[in-house]
Amino acid sequence: MTNETISVDQLSGWLTRFNDLVTEQVSYLTELDSAIGDADHGSNMTRGMSAVVEKIQASPAGTVDELFTGAGMTLVTSVGGASGPLYGTFFLRIGATAGPVGTLDAPGLASALRAGLGGVVARGKAEVGDKTMFDVLAPALDAFDAALAGSSDIPSAARAAYSAAQTGRDATQALLARKGRASYLGERSIGHIDPGAASTSLLFQALAETLGKE
Amino acid sequence: MTNETISVDQLSGWLTRFNDLVTEQVSYLTELDSAIGDADHGSNMTRGMSAVVEKIQASPAGTVDELFTGAGMTLVTSVGGASGPLYGTFFLRIGATAGPVGTLDAPGLASALRAGLGGVVARGKAEVGDKTMFDVLAPALDAFDAALAGSSDIPSAARAAYSAAQTGRDATQALLARKGRASYLGERSIGHIDPGAASTSLLFQALAETLGKE
Amino acid sequence: MKVNQEVPDMKKLINSPETVLADSLAGVAAAHPDLRVDHANRIIFRATPKAAGKVALLSGGGTGHEPLHGGFVGEGMLDAACAGAIFTSPTPDQMLEATKVVDRGAGVLHIVKNYTGDVMNFEIGAELAAAETGIKVAVVVVNDDVAVEDSSFTAGRRGVGTTVLLEKIAGAAAEEGRDLAAVAAVAQKVNESGRSMGVALTSCTVPSAGKPTFVLPDDEMEIGVGIHGEPGRRRVPLAGAAEVARQLVEPILSDLDFTGAPTIVMLNGLGGTPLIELYVMYAEVRKILDAAGITVARSLVGNYITALDMAGCSVTILKADDDLLRLWDAPVNTSGLRWGI
Amino acid sequence: MKVNQEVPDMKKLINSPETVLADSLAGVAAAHPDLRVDHANRIIFRATPKAAGKVALLSGGGTGHEPLHGGFVGEGMLDAACAGAIFTSPTPDQMLEATKVVDRGAGVLHIVKNYTGDVMNFEIGAELAAAETGIKVAVVVVNDDVAVEDSSFTAGRRGVGTTVLLEKIAGAAAEEGRDLAAVAAVAQKVNESGRSMGVALTSCTVPSAGKPTFVLPDDEMEIGVGIHGEPGRRRVPLAGAAEVARQLVEPILSDLDFTGAPTIVMLNGLGGTPLIELYVMYAEVRKILDAAGITVARSLVGNYITALDMAGCSVTILKADDDLLRLWDAPVNTSGLRWGI
């Protein structure tokens, strides 16, 4: 069935939808960052993702590699802050792992995403419970893999990932930050959702919604 | 009758009472100056008059000249702003005109005060209706002279002066300022009482109250 | 009298309204070994007086406009600055004392901003100096604020931004060895050739008043504000930098023809506005001047003549010539302005 | 995207949150002929590059801390500064481009404030430079903020005030002709010997956020605040200058022993606080240091590393030695710091 693969166009749709979501939620993301950071996560993500989508619209990518390498480079060179290199590396690694193909099957997508996670860890050294985007990315990919192992199709796996992402996002509220700008707050970081965790949850919402629509 | 002369001690009491009144009304004077000036008339007057009273208490003056020359010099050297030279010159001229005497009779007091007014005009060039302390000082002295001419004693003349001072003060509200900092407002100075007019009204209130008490 | 450890009733880094002047002078003395502070008389002097035979420059005014004037004491600029209480002119005895100390035999130029209080207090100071000493005193009264429209029916235009440029340029003329009349003439020329206009986004708060001098709604600004929080020409709706620049520059340009000469342009912050906004404003001012065919030869962007914590800025444009530019470029070594040394 | 003439929804002299960086760079370019602004890459360079064979210094960071870093580009200090969006690190392509342009054959020192974003972006920039060019790059990460207590469980201490002193001192070392390792060693020594602590009386407002980052009640202040409005150690009742100075200086002195060496002390304003208050604070800081037997050899009072329009200040103390003092005193000619030239 067609749902067993995902095309470059669908993946482009994912990024486009992610841009829509961060744009919709820009104030929410910035508000989260006001509480435990420096009030720029919303504008950082929209600046980066709108540049990514502009690029996709100007010249649609032919391969998964092209799409994500382009998106990653755009984020790295237009965002700055912590989120630029982290999201940028995430996408760059996805592109490099997927290679110059037009579609990915489920295992291909899963391993590309996991390589992306590896990039985030390599760059940011975040560990479980540090109260970062890692605390959404890791459980979301675990849920994605588990769903596929349980023979779900990609859209169902994406929904499972999104559900785990939301749980992970909400769980960051109780955590004490140990990485990034929020870590300076110590105890006072407790009680607030991590902004990067929230935007990463939007990333999986975008994937689930993009695939769900078909 | 004793009310036909005024002693150095009574005149010292006048200045002391003036200090009490500007201290009581410090916020009111500053508020008036906030509306059409630079929000310092209250602190200027209290800084100056408290220094005057300190000096009087430390070494009571023996003559009218000594009292007012001392007060005038203290104001000139401790206030600054517009009010320092104006009030300072007012008192300096009173002292110089009265001379080294222990008491003043009614005509002596009247001419000393009028010399003070002359000093204010010489220094500040204010004219009738410019919306300054002149618009209280001039009608108050006119009323003082008129009362004496109508054979009032000094306390009654002081009460007449105070009454004219209040009228003069209130009348500044409708005026357009043409001197001092308030003049920069043009039309927008209308509707506010002039701070210097208000403090000068306190000066006559102090005189009336000091003499009334005896 | 408030005590040191009391909790302030406004958001200011001070000990008490009563001590702020003395405390800030203590800080100036501690920070700048090049300056000598006479705490009793509240005068800031150069630690090393200028050479004998040169004209000395004295200025002063109410405190709250820092770095003006104390920050401009030093080689190539002022010889001394008398500090008054916040927003209140210093007193004549200060001017007398400073005049005596700074005179190097060639006379002293008093630089006075045109406010009734400043003019009268400097006037008495000069009268006392004339009576007590043989020191020659010349006076320049700075009145460059175009916000004051009907200046013939008022105390005249206020002295604002041009004061900074005048102190620099006249200071260089004095350092060069010009005589008192010549230094005063240069100062007069700067005053006649400089115009300023300011805007407030928020009021300042005078410490002894304890609350803002005026209240500006969130969506309004005060065009033509004075450096003591005196109201300006009018309250208008808040606008973007380009529009604010237009509202400041147009009245300046309609007051004096700046074409055909090199100009010195200062974009000055009023105390509570960060440098990034001043640069944004400067870019807009330059666009307008370029479009009007005005040549900008020198620029100054920063906080030079402030109004306590007021948010806002002012624009000063000085129509210069080769002599004024050369004097502008001459070395200056003060805490507020320094180059060429 | 907002248009130019729109009414701003906050009291800032800007055209729009989206254009503030570009607009302020336009102002910098217009005001300073000594600087060359690469608008596309958002880099401020010296107009005249330093002599070949000398080590170049590159810094950068989020915009909103002016004059840092662009105001410190010039002879005796930085060779270039990369400007990020407000409070957001610049991007690696900027660092790559700047590194290529400023290298004079002796390598480039990257001066990075310790924030996750800055560190990662400079890291990628250096990786790209290594991959694409043969330019030697050394890195110093400034982490001097004693407000961060448990630095082993966090991203480490933030880089704040010491950055200013480091850029000056390392800049002088480079100008003197020391090689990359030696310049980096001086920079490292400054970082190890400098400590800072800040206080906010009010929050800053990030233009794109449109409202204050945090809300401080009228009677509270934030001790240990970061230069991006990051919360500090604790909220405490508002206090007078003497008490605020104590709360800033004590954590610094308990973190490092400053006795027995000459120190350089900076009293820095955070953007919305006027100079008069900084001098009041400086006087109080000096009293504490005098009482603690600490020798202050050099002082700096003013706005050097700011946090947009935040009201507040920070104290930086650097334990120096003869070499560092000599480098401090060496000529510097930038818009933000200038002497001896």
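A, B, C and D label the chains in the order they appear, each numbered from 1.
Methods note: contacts are C-beta pairs under 8 Å (C-beta built on N, C-alpha and C of every residue); 3 or more make two chains touch, one makes a residue touch a chain.
No experiment lies behind these values; they were computed from the predicted model shown.
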Separate pieces, if any, that appear once chain C is removed in thought: A, D | B
Highest-count interface - the chain pair sharing the most C-beta contacts: C-D
Distance from chain D to chain B - Cα centre to Cα centre, in angstrom: 54
Approximate Å spacing (C-alpha centroids) for the pair chain B, chain C: 32
Junction residues of chain B, two or more chains touched: none
Multi-partner residues of chain D (each touching 2 or more other chains): none
Contact graph of the chains (line, ring, star, complete, other): line
Which chain pairs touch, all of them: A-D, B-C, C-D
Chain C contact footprint on chain D (complex, rising order): 4-8, 11-16, 20, 23-28, 30-32, 63-64, 66-67, 71, 201-202, 218-219, 221, 237-244, 267, 271-284, 286, 296, 299-301, 303, 306, 308-309, 311-313, 333, 335, 338-341
Chain D-touching residues of chain A, taken from the complex the two chains share: 30, 34-40, 42-44, 47, 76-86, 123-124, 177-181, 183-186, 188
Complex contact set, residues of chain C against chain B: 17, 62, 84-93, 115-117, 120-121, 123-124, 147-150, 153-155, 158, 206, 208-209, 213-214, 226, 228-231
